[in-house]
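After this come two complexes, each holding chain A, first together with chain B and then together with chain C.
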Partner chain A sequence: MSNITCKKLTKKYGDLQVVHGFDLDVKDEEFIVFLGPSGCGKSTILRMMAGLEDVTTGTLEIGGRDVTTAEPGERGVAMVFQNYALYPHMTVRKNIAFGLRRSGLSAEEIETKVNDVVKMLALAPYLDRKPSQMSGGQQQRVAIARAIVKTPEVFLFDEPLSNLDAKLRQQLRVEIAKLHKQLKTTTVFVTHDQLEAMTLADRIVLMNGGNAEQIGTPQEIYTKPRTLFVADFIGSPSMNFLPGKIDGVSADTSVGKFNLGAASFAAPTSGSATLGIRPQNISLVQQNDTDIALKGTVVFTEYLGNEVMMIVDCNGTEVSIVVNANDILDEGTDVTLFLAQDALHIFDTDSGLRLNND
Partner chain B sequence: MKAKSHINKVFLGPPLLVLAILALVPTIAAIVISFQNKELGRRGTSFVGFDNYISLFSDRRFSNAMKVSLQWEAITVIGTMVVAVLVAILLFETTRGRTRAILSTLLIIPVLLPRVTAAFVWKFMFNPLLGVINYPIKELTGKPIEFLSNIETALLSVAVVDIWQWGLFFAVILLKLLETLPKEPFEAARIDKARTWEIYAYVAIPMLAAPLISLTFVKMVESLRSFDLIYVMTRGGPGIVTETLDMYAFSQGFVESGRISYASAMAVLMLLTTIITFTVIFKWVRKWQNA
Partner chain C sequence: MGAQMAKRITLGTIAARLALVCVVIFAVFPVIWTLLNSFKEVVDIVTPTPKLFFSPTLENFQYVFERPSVRLGLTNSGIVVFSSVVIGALFGIPAAYALAHMKSRMGEEIKFFVLSLRFLPPVAVAIPLMSIYLDLGLYDTRLSLTLTYVLLTLSTIIWLSIPAFERVPTNIEEAARLDGYGPYAVFFLVALPVAGPSLFGAIIFSFILVWNEFLIALMLTTSEAKTLPIVASEFTLLGRNVPWGILNASVIVLSIPPLIFLGVLSGFLNRMFKK
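On to the complex of A and B.
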């Protein structure tokens, strides 16, 4: 069992508090992704798990063992860094074996373990090279091999794909996913890339300003964003937001007044609400009688291949939509947009919380 | 391209000219004199071929000077590098920010002192009657240690001064080099269960191999030029225990017998030995680094 339990973790640098009472239970074999903008504290929490940053208050357990103040080497974790952090003067073989040597394994045991990992990651041709003689992707594979070879209880990844180009990033992402299926080691993965988070995670921890804004499966986070921040952060292009007031079922927004009779939500305490709808949920043809119709003019189009993203000016508010590439319209064309009410997210503008009943 | 090669000559010309006058002329003169039998205070010289060189090989004081010079090189170079590495790591581990900056400044002061000044300061400190070092020794054991006139301690005591000047200076350079290293390999090593000494021995110091080798070369060249330090502190004594090659050449040429030609032969031999040794070591190190 190698679950991770964070209880009320905080981190302060002098007077600056960067993590505010962080709670999380990572289950054994789970793949957790910390997602958030830079400076949200996600890397700090990961580094606290690794023992590279002191925990200011709170407790941290790995596999049921309190490791709040344990040395990094005694936590049973292995870490992969953004810039690989290989030992530059050592060959690939020595890099991978370094940790095993420190734990005092016999030469034969080290040899066997290194060979297994090398086979798993197809690193055999590079064994006698030094890191500087390899590409970034190869270096990161070595770093992953160095982590795997120790058969740790927990893998920690600190933005491991951020320094790679798009194609390599995707390749290595798939490789990491496969390795996790195979090894089933509990993993915590930090990224600011929502695609990585959505594809890799069993559960995503969406961080903002040192707090967990929402913890849930990728599907939950996408379909039921708990707050305005989550709704804005997840999804590409970003969700459209229409600020306004709600009284009963009638909404008065920047793009006009309409009836929300088909949506089910709690009344906002202050009366001011923000309607959110993803660009993909807006249609150019009416699907339902309850669809909200908005008139506007196409002001910008962006061809994406099989889809097209268009920005439509509706009464001064820009609404982005994503439709099939065949439905592309010229800039300047007048259109009517149809917003499905069941895809509508309603947020309390003051608290930022989602009000839908689902 | 043509203009470029022209400008090379313009810039290289003056320094090469100065170098030719300052270095080449005395060197050639020394080589010429070493084949003569010139003596101070005696008129008339003639060429004697390799006589001076041949008699050097049977001169036991010369072979002693060779031995002392080698000992001096070994002690001061190794001592300086060991002190530099240890002090740099100690400062890197235990200090930060302002404290580190102040300590770094203090550690540079010894090397800023002129050698002669440093030599006199330490000569007084080693003094058996007045020296601050001997004061506690006298209190404890009842009699002082005559550091500079004892055969066992003389060379080491002079070396202490050299290491004090250069070891601490190199420590500051190394400290700054340690600061430039990326911190992730250190963190990776901590997660890999490396103890503090292992992190330095297997990760940090190897990462600094190239600058450490350069510093060692600098110190090797520098150690060859310790004439003033030894001259002030012991004048080669007691007896000839601290008499390095340059000390012996100097005393043969100017102090004892004025045998300029004999001293020149020694200087030429030193020059050749140095050039050959350094070339060999340099090539060997480069080969090893590329492997």
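On to the complex of A and C.
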């Protein structure tokens, strides 16, 4: 039993409120990712879970135990920091064993546990090195080992991959995913990188301005973004937004008027709506009769390897599309874009909420 | 073109080196001359043409060490300086740790107060202290001098240790808290060893400060608790003929402990930093 329950958590620094009544149930063995821009409160909530920040109001339970005011060491959590936070005056071996010295285990038991973790993370060659003699990636693996060796109820990761270069980040990301499959320890992972969130998470908590904007599986977040913010934050390149008015099934937008008869959605309260479509859902050939056709001119291309990203100027509005690299067009070419209606997201411009019925 | 550049750089470097050599000679020559003179007989010192080569003698040092006043001064200096530095470190280092973590207006005020202890001219402190110690019957004792020096060492050590603790990454201490360690364990097992090398610097600095201290010692002691700088200065009052050799020897004796301290510990510090 190591679920986490946050009930109406708030955090204030003086008059500045950074977390506004945060609710979350993390199930046992779940991998939760907090995703959001900097300053959205994601790290603050993680640090409240760790006990490194006081909870202003609300309650926090780990494994059914109220730990709202418990000391960090009494919560059964282990944390991995962005800057590794290894003890610089200790060797790798001592760094890993440091947390166990408080647990009342015998020297042999500690030795066995340390050796197990060292084997798991292939750290044996570095055991007698000091952190300063290792690369960032190796240091972070030591930090992960230090967290695992305590066999905590919950792992907390605070942007652990942000200081690493792209290749290492990917390697370590895979390693963290494998470790979670193996150990099944409940994990909360904070990042601002959507790729990390999408690949690692069982559920993503998308944070904005101290609130959870949406909580859902990566698929839900990607295919059914609850708000404009989520739609804009998730996906690369970003979703195209076409602001305009909707009356019944006819839409009047910056790129022209069209019929939305094939889409199912609730009417926006004031009539102002924003249509959203991902660059990947725009095609250069017609797939369905109901596809919305937009005429435009290619103004910019970006070759991505197997795909190509192009920006098309449609009547003054720039629409980005991603198509197969074979379909690359020269800049200046006139094209017709086909927008699939079933991939269209319709948002109420005033409230930012998604209106689709699905 | 490239060669010309190299040549210009070389000329520039040579000029810089020369300037550096001049400055070093300017700074070090008096010290070397003092060292040489401490091994000379008076005849060799007062000759109109300075002598670089002479038959060295240990008479000056012998004289200095045979003087009871020097032995007393050495003992006094040793005890007073050692105690004040140890007390200063014992209280100053934990205080600095607390202040480094005190991110509030109050913390800033305390830091400024500590620094302000070093603003006042020593005389301004020494005169009131003199009368207090006279009233308490503590005048001219090692205890009163130690207490006064603790003010110096404490404020210096606190002031220099705060940045040392501030450089200890917060996350390391947080990691230790998550590893189940309480505040004292975090201080002793994590913060202290990590900040250690910089703290040594603070301690050495405060040691040198009180070892060389003259003015306060002059005002708070008359005979029993006189420190080495006071005793050494008194050699100039030994009559009309200034005993240059003895004076130089006493200066050398005075300079050796800080030099040893710095020499030994700077090697130690270098090793600490390299690891």
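We take it that the second predicted complex is superposed on the first by the 358 of 358 C-alpha atoms of A that agree within 3 Å, B and C clash if a C-alpha of one lies under 4 Å from a C-alpha of the other, contacts with A are read in each partner's own complex, and residues count from 1 in each chain.
We adopt the following convention: contacts are C-beta pairs under 8 Å (C-beta built on N, C-alpha and C of every residue); 3 or more make two chains touch, one makes a residue touch a chain.
Predicted model, so just to flag it, every value in this text is computed and none were measured.
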{"item": "Room on chain A for both chain B and chain C (clash or fit)", "value": "clash"}
{"item": "Contacts of A:G73 with chain B and chain C, given as first, second, both or neither", "value": "both"}
{"item": "Partner chain in contact with A:L52 - chain B first, chain C second, else both or neither", "value": "both"}
{"item": "Which of chain B and chain C A:P243 touches, first, second, both or neither", "value": "neither"}
{"item": "Which superposed partner A:F98 touches (first chain B, second chain C, both, neither)", "value": "both"}
{"item": "Partner chain(s) touched by A:K130 [first = chain B, second = chain C, both, neither]", "value": "second"}
{"item": "Intersection of the chain A residues that touch chain B with those that touch chain C", "value": "50-52, 71-74, 77-79, 81, 83, 85-89, 98-99, 102-103, 146, 150"}
{"item": "Complex contact set, residues of chain A against chain C", "value": "50-52, 71-74, 77-79, 81-83, 85-89, 98-99, 102-103, 130, 132, 146, 150"}
{"item": "Residue ranges of chain C in contact with chain A within the complex", "value": "169, 171-172, 174-182, 190, 193-194, 196, 275"}
{"item": "Residues of chain A touching chain B in the complex", "value": "50-52, 71-74, 77-79, 81, 83-90, 98-99, 102-103, 146, 150"}
{"item": "Interface residues, chain B side, partner chain A - complex", "value": "182, 184-185, 187-195, 198, 202-203, 206-207, 209"}
